[in-house]
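Structure first, commentary second.
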């Protein structure tokens, strides 16, 4: 799993079916790259989280039929990007 | 999922079976790399979209038997590459 | 899917079973990295092709039991590396 | 599989269900990037380990329903980062 | 699949179950990065091999229940790193 920081939410009026009521968050990884993840834990902007990718991301939502490839697995209690 | 911009469509007269009637789009990611994705939402050149990769890409088409590894999941309502 | 150029074929007298009669091609991606792919479409050196990776690569061969992780999906009609 | 070094453990009070009692370790790969992995072998900080990613990570925990995407597969007997 | 060179074997006294009697090899890819792979073909140090990753790696061992994510698929007959 990777460690990323929550930047905000994403709005997509026009999208494929299959996300149910999952929220989409924009995350930034350690190299500054932006990613989009489903969020079953309710993370807020600024939170440091860890993410599961690939087929694990679908399992992590509690609904293996969703087609996400990145899901927030938890909010890290204490974290600073410099370790 | 990743955020990419639609560049155009791709024509392949000679290809394997298994894409049904899905359109193929050429996308550019944040590093400038070109990718090819199936498009079930009808995105246009210039649109910013997010994409699902891996096995999720097949689910996202609505037909898990397709063999795509990248599918457009939605068109982002408001996006600028500089955030 | 990714866009790559066919460089040639690969000969492996000593290999595991499970490729059936698939040909193995050496491809070069946009960064110059070499990859090996199964080829169900009959691409020739110099052709620009797009490839499906991961579990999609097995589906693309028409035999989901093959253990390839990269398969040529089609030959692009018109392509120049500079767009 | 990749070779990484164990840096420490990670505490996440607020996380999704599905990890059972697996411990979460923070690992560092050869490029210095930090990753989070489930640990069924009981590795300690400083240990050099190898990790399985993707769907293999779930199999490696002994419970294919966990949603991890990175699992420690073993502790390497002798290893120095310079080979 | 990727092209890599065999560097040697790896010894892990303390590891999870699920590798059966597969040998573990240390491989180096074209960028110099070290990887660990299961080896069903019996490759020797110095050999150039191609590898299958992801779920294909499990199929390639002949036992889809193994949890490897990288498996040697064959030894290349003639190869020089400069092409």
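Note that the chains take the letters A, B, C, D and E in the order they are written out, and that residue 1 is the start of every chain.
Methods note: a contact is a pair of C-beta atoms (placed from the backbone, for glycine too) under 8 Å apart; a residue touches a chain by one contact, two chains touch by 3 or more.
Keep in mind that this is a model prediction, so the values were computed, not measured.
Between chain A and chain C, the least number of touch steps comes to 2. For this pair, chain A with chain E, the centres built from the Cα atoms lie 32 Å apart. Look at where the CA atoms of chain A average out and do the same for chain B: the two points lie 20 Å apart.
The set of chain C residues touching two or more other chains comprises 54-55, 57.
Shown here, the protein chains touch around one cycle, each chain meeting exactly two partners. Remark: ring traversal beginning at chain C, heading first to chain E, gives the chain order C, E, D, A, B. Note for the complex: chain B touches chain A at residues 1-3, 30, 40-41, 50, 52-57, 59-60, 62, 71-78, 83. Within the complex formed with chain E, the residues of chain C that make contact are 7, 10-19, 24, 33-37, 54-55, 57-58, 65-70.
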